[in-house]
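What follows is a structure written as structure tokens; I'll ask about it next.
Should a chain be cited, it is by its letter among A, B, C and D, assigned in written order, with residues numbered from 1 in that chain.
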Amino acid sequence: MSAEQPHVRLEILSNPLLNCGAREMVASMSRRMGFAEDAACQIALAVDEALCNIERHGYDRQTDRPIWLSLHAIGGLAQNGTSSSPTEGLKIVIEDEAQQIDPNLIKSRPLDEIRPGGLGVHIIREVMDEVIYEQRPNSGMRLTMIKMRNPQPKKDNGAPP
Amino acid sequence: MSAEQPHVRLEILSNPLLNCGAREMVASMSRRMGFAEDAACQIALAVDEALCNIERHGYDRQTDRPIWLSLHAIGGLAQNGTSSSPTEGLKIVIEDEAQQIDPNLIKSRPLDEIRPGGLGVHIIREVMDEVIYEQRPNSGMRLTMIKMRNPQPKKDNGAPP
Amino acid sequence: MNDSALTIISRVEGDATIVSPAGDIDLNGAPAFKSQLRTIQSALKPGGRLVIDLSAVPYMDSSGLATMIESMQAARRQSFKLILCGLTPRVRAIFEIAKLHTVFTIKGTLAEALAA
Amino acid sequence: MNDSALTIISRVEGDATIVSPAGDIDLNGAPAFKSQLRTIQSALKPGGRLVIDLSAVPYMDSSGLATMIESMQAARRQSFKLILCGLTPRVRAIFEIAKLHTVFTIKGTLAEALAA
């Protein structure tokens, strides 16, 4: 994982009305970084699901609390006029000040039981190459997600099969 | 003008590759706030033109300098389940650490002479209801733009006719 | 509903009730859609059909999927037939990621859904 | 050009050279588009036609407008005819905001542009 500075930082309030802007920003930038259309949409979906979970579970539907999102283009960004994108992958970090929970409790359920709910974490783990939930040092949670442009064979993230 | 906190803050590096994400974020959020499609596109265009000018003129095409953008929904944001948007307008503030110039020198040219260039400031003033350029206290420039959902008859912003 | 968010139109054609949402079905839009769907479903007769035309839905997330699953459960309870149609590639992808594309009856166009 | 940014295809049909950019023509994409247009234009004969089909351009900003104006200036210098077509509403709006919609020859579809 790179220790470099993010290329983009976003702070939004925890109002679901704003999620569309965050996910479309990420989709749009991902396309420009060279991700294929379906991958760009997957990244946007993962971001949206993560925001929904913070808003519903972390902040218990309070709509005026902060959520921070940062994007780091692994391998860097193309400069104007260069012939191809050097971006190898996208690292997205989403942080909040919401209630802390044991990262092991954030897990997807088996999908063979068809019922509403319980799909968000599955979606996030399915579409991203790396997904790490952790508690931030003082308050809140941090979710780090990585998607590579040409992904390696997928690692097991500890999600149930 | 409202003294309230912004609902969204964005920091991007001055690489034109990232402008698409900033403008699509703003377009997407504007639609949700209740702006009509054409107005949402106009706001996105003004944001993009402002970013282009900072990147080309302010930072002289350096691609690794910071640009800050904040959005404040005047009148507030709809809460889930409410019947209509309380958002009266959108205030956008764009700041940089680039070279400072006399705000009076940032002006649009007459459009009857057809030549490339010199259209950005005209576009910004044309589509937004209020446009204020100023020097920040220590370094860089600040552009404040407001677009109302149901605009009053347009004030003269000091732009040439 | 927000001025700007999801708009939902429904109409009856023969034994089919066609619901056409327009806009994103996400955490912001799903609650209003869900409550409108419930109202529509409560008027459906056993043996009738509910067609949800998603051709004007550019985006859906797990809140939207939950709404669809609720509708499927209502269909089982009330014995009406639920048919989805008009999925854009982006919306179809999320059904696939959630392994729900084989669970719902999904048709290409509204015409195909009505003929089903 | 970036893998992802603007792609530009051109082909010749009779006396017309048709250029079809696909993607946003903004500060990120305009430089590559401008240099490709220059190359294409340098091969145009007086009396010929250059048709720029903008139907796959969802977004354009003043960098794109500047590119179009440059092309118009080349058309005057080299006596070829420049025709734009396929403008999406969002792109058409920026031509109008810059008061350029009456300055260019703008047709609805590519077929109309080729018949012009």
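The definition used in the following text is that a contact is a pair of C-beta atoms (placed from the backbone, for glycine too) under 8 Å apart; a residue touches a chain by one contact, two chains touch by 3 or more.
All figures in this text were calculated on a predicted structure; none of them were measured in a lab.
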Least hop count linking subunit C to subunit D through chains in contact: 2
Chains contacting each of subunit B and subunit D, listed by label: A
Whole-Å gap between the CA centroids of subunit A and subunit D: 38
Subunit A and subunit B, separation of their C-alpha mean positions in angstrom: 27
Residue list for subunit A, restricted to those that touch at least two other chains: 16-17, 20, 31-33, 78, 80
Subunit D residues counted as touching two or more neighbouring chains: 2, 5, 27-28
Pairwise touch network: line, ring, star, complete, or other: other
Every chain pair meeting the contact rule: A-B, A-C, A-D, B-C, B-D
In the complex with subunit B, residue positions of subunit C that touch it: 1-5, 27-28, 31-32
Residues on subunit A engaged by subunit C in the complex (per definition of touch): 16-17, 19-20, 23, 38, 41-42, 45, 48-49, 51-52, 55-56, 111, 114-117, 119-120, 122-123, 126-127
Subunit C - residues contacting subunit A, complex: 2, 5, 24, 26-28, 59, 61-63, 65-67, 69-70, 72-73, 89-90, 93-94, 97-100, 103
Residue ranges of subunit A touching subunit B (in the complex, touch as defined): 7-13, 15-18, 20-22, 24-29, 31-33, 61, 63, 77-80
Complex contacts: residues of subunit B adjacent to subunit C: 31-35, 78, 80-85
